[in-house]
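Okay, structure first, notes after.
We just call them A, B and C in the order they show up, numbering each chain from 1.
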Amino acid sequence: MGVVKAQRRVRSRGLGTDVLPLLPFLFFTGFFLLWPVIAVTLKSFKGNDNEWTLENFRPIIHGGPYFHSFIVSIKLALITASIGSIIGAFFAFVIVTYVRGRFKNVLDSISAVFANSGGVPLAFMFIAAFGTNGLATKFVRFLGYDIYAGKFTIFSFTGVVLVYTFFQAPLMILVFQPAISGMRKEWREASTNLGASAITYWRRVGIPILLPPFIGAFFLLFAGGFSAYATARALTSGTVSIVPIVIGALVDGNTQASQTNLGASLAVGMIVVALVIMIGYVWAQKRSARWRQL
Amino acid sequence: MRISSLQKWFIVGFASLLGFTLFILPVIASSIYSFQEPGDKGYTFKSYTWLLDQDGFFSSMGTSLKLAVLAGVINISLMVPTMVYLNLKGQKFKSLVDFICILPLVIPVVSLAIGAQNAMPSFLQNSQYELVFFFVIIGLPFTYRTLDTSLQAISLKTLVEASRSLGASWIRTIIRVIVPAIRGGITGALFLTFALSIGEYTITSLLHWETFPTWTVVASQQNILGAIALSVFSFVGAIALLSIIALFSKKGVRQAEAEK
Amino acid sequence: MSKKDRVSSTLELRGVSRHFGPVKALDGLDLVVAPGELVALLGPSGCGKTTALRIVAGLEVATSGDLLVNGERYNDVAANARDMGMVFQSYSLFPNLSVSENIEYGLRARKIGTAERSKRVAQMLELVALESKAKAFPHQLSGGQQQRVALARALAIEPRVLLLDEPLSALDAQVRGQIREEIRRIQLELGITTLFVTHDQEEAMTIADRVGVMSQGRLEQIDTPDVLYNHPATNFVASFVGVMNKISSQISDGQVEIFGKRLKATKSEKSAGQVYALIRPEAIIVKTNTSNSNAKVLTRSFLGASSNIVCQLSDGTIVQSLMTSAGSGDLHPGSTVELEVTTSEVLVTYD
């Protein structure tokens, strides 16, 4: 009885009352998520004298080290997302097709751990494994190949790419698996039954269906590769100049007021890039859901 | 399709080899490394014990644990009622909340940290507890997904109606009926938030607080082996723990199969 | 595409077996489907009916035995070269293609020109009465509509044989009957040789020319529905098809005594001892107002023209009787009654 009365009351007041139970959530995220974003955006437009200005964005746009850091960041994100998505998609396919039961559960959990790893422990682990005296390095050297013979070092851009793949690929596995699971075997069988070859199936049905989720996942990986800070920081002690590290340097060092504003503008720059990716991701999600039947 | 057994084993074999090299090898290599005596003199636990002797190990560990637990509690208290409401009567707000919960994944944590510096009132900025709130925010994407999946897997509406029709109040319904039903999801969300909080480095270091991860980086500058030992320990520990939980949880698989 | 133009094919399975290690999904299946005939394979899950169908389609390979279409051995013919149309239980429409694009999929694979394709698609849409949905997508259609499109798609390629794998099982009860009738109507109109797999015996009995009852990889009996119902060859068939009562009795001299009447036990291997007589509900009548009583009424279900009366014997056995509603008006739960068998022959079983 009470439930029916409550429903009637709520319906007559429309949107207003319905939103009430969500207020705690909205206040929390508003204050701790949205407000900081707004604050840093406002700060980036303020000069030393607290006047509105675009000065802070000048170093970023006009070339030079700050502009360059964005290029490096984007390059890193692009490369690791590409490698991660391809490897991850392959693994996701193998897992969905060939692994069953509890072992699959275990693999999923491990993927979850790997995907969320990153940060400091990961960097150190890779130093231990692939550093100049790392065990894996020694092992491979024992097999005859010295990875340090050329220009490679774990403490470089390439090293960072290697380490990032460690969490990018598992993230791809996690995110892309549902898309692969959603491929009904009946589709492939019906296609065969109707006389089509495997190529035709993938061209007309398989790839069109898998492409949007793949692109969406790619964007997700890109976002992760772009925003990561801790791993690169611990690994390279700041020598690879991606934007987060530049920001970190500005914040850690002896900052003058102008530099804190610069930090803000860099941060906002990152948000802009991230938002663009986000739009891509949402678009891809919409396309993925287009033909979904419940 | 009719793929031959040989092809199947070839693919699985290749995948396993690749997976091993890329993922397992680094873990094994670093694990062995962590037991090594510097200068190839043999094996020892010294790296592990060294860390324990350092100043700040226990205090930073304590801080991290404290903050992580708080983050977990606040996360669940905030999100469980929210998600329940969202799946019951608040369906129309779902995409909005989904969007908000995806933001922490998209907005670079670095930017959030800088924003926090500029936005947070000084009473918060002077307390390490400000980190708790940001840990919750960072965990939102995963919490949302986990709780949402759990709630969708049970017939929430039916359970609630049954409970209410038998005379239970809302609070009783949530605590006695819903929470047990989504136990798995809540545990998962708690665990994830906890793990994220313990390992969080970016915001913590940019806001100049000392927790376990930031302390480790500083300490590692004196003894890289010790830092490595620790990293290995936490990583392997996490995998082992989750694998064991996974091995004993049949529910996830059965539910997934059933939904097909 | 009418009956006159089509050359209907003969489908034959000879000794077809499918082993998975020690497990025998199919154990020596012999089956002939005559041109234009609709044969239903009926049985519980795991009986091998779907395996048999998939072997015919080429989606699975038989471990031994031969598959023949019009006398030609098809075992090694690739699945996509068999010219057979298959309708799956569910989810088989390509979600990213419209109804028309789904239907013309097989035609495109055969490199049939655009004009010819459009004509065929239009014909198919008319056949299943879905002209208005030509440009719709699968997720916009109901379950019944999806299956009709699946049927149209399978028939568009003018297959030699039509294969249906439990096409109605995923549909709502009310829709099921409609689609079932449509499938049968179209099948008869086109005169296409058809193999229909189902676990629903009512479905099989109403739609098929002949029904093959399967259990554990073997074909128990294949006959017209009529023969199957009235002359079940094995106990499995007897209990699977329709409702069957099992009443215990003693056999002597090839006869059993049920409710005081001596009946001939057909196909009995034993001549003495304990047996169970298999009797259809419609062969049992319930009598009140008699001095003998051998059962008690438990429930009475009104089904319209007839009523189903469930009784219990003194030894606890449940017996069902199907009588005209008129004759069973005064039967109430709890009343004692006399049951009588109206046939003179019964099938017996030993377990």
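Descriptive notes on the structure:
Keep in mind that, in the parts below, a residue touches a chain if its C-beta (ideal position, glycine included) is under 8 Å from a C-beta of that chain, and two chains touch if they have at least 3 such contacts.
Small disclaimer: the values here were computed from a predicted structure and weren't measured.
For subunit B, the chain with the farthest CA centroid is C. The greatest number of inter-chain C-beta pairs in contact is found between A-B.
Separation between the centroids of subunit A and subunit C, computed from CA atoms only, is 53 Å.
In this assembly, the C-alpha centroid of subunit A lies 16 Å from the C-alpha centroid of subunit B.
Within subunit A, contacts with two or more other chains are made by residues 189, 192. Residue positions of subunit C touching 2 or more other chains: 59, 79. Contacts from subunit A toward subunit B in the complex involve residues 2-3, 10, 18-19, 21-22, 24-25, 28-29, 32-33, 35-40, 42-43, 87, 90-91, 94, 98, 101-102, 104-106, 108-110, 112-114, 116-117, 119-130, 134-136, 139, 165-166, 169-170, 181, 185, 188-189, 192, 198, 220, 223-224, 226-227, 229-230, 233-234, 243-244, 247-248, 251, 263-264, 267-268, 270-271, 274-275, 277-278, 281. Interface residues of subunit C, counted against subunit A in their complex, comprise 57-59, 79-86, 88, 90-97, 105-106, 108-110, 137-139, 150, 153-154, 157.
The touching residues of subunit B, when paired with subunit A in their complex, are 1, 8, 11-12, 15, 18-19, 22-23, 25-27, 29-30, 32-34, 78-79, 81-82, 85-86, 89-90, 92-93, 97, 100, 102-112, 114-120, 133-134, 136-137, 140, 161, 164-165, 192, 195-196, 199-202, 205-206, 213, 216-217, 220, 224, 227-228, 230-232, 234-235, 238-239, 242-243, 245-247, 249-250, 252-253, 256, 260. Residue ranges on subunit A touching subunit C, taken from their complex, read 184, 186-187, 189-197, 200, 204-205, 208-209, 290-293.
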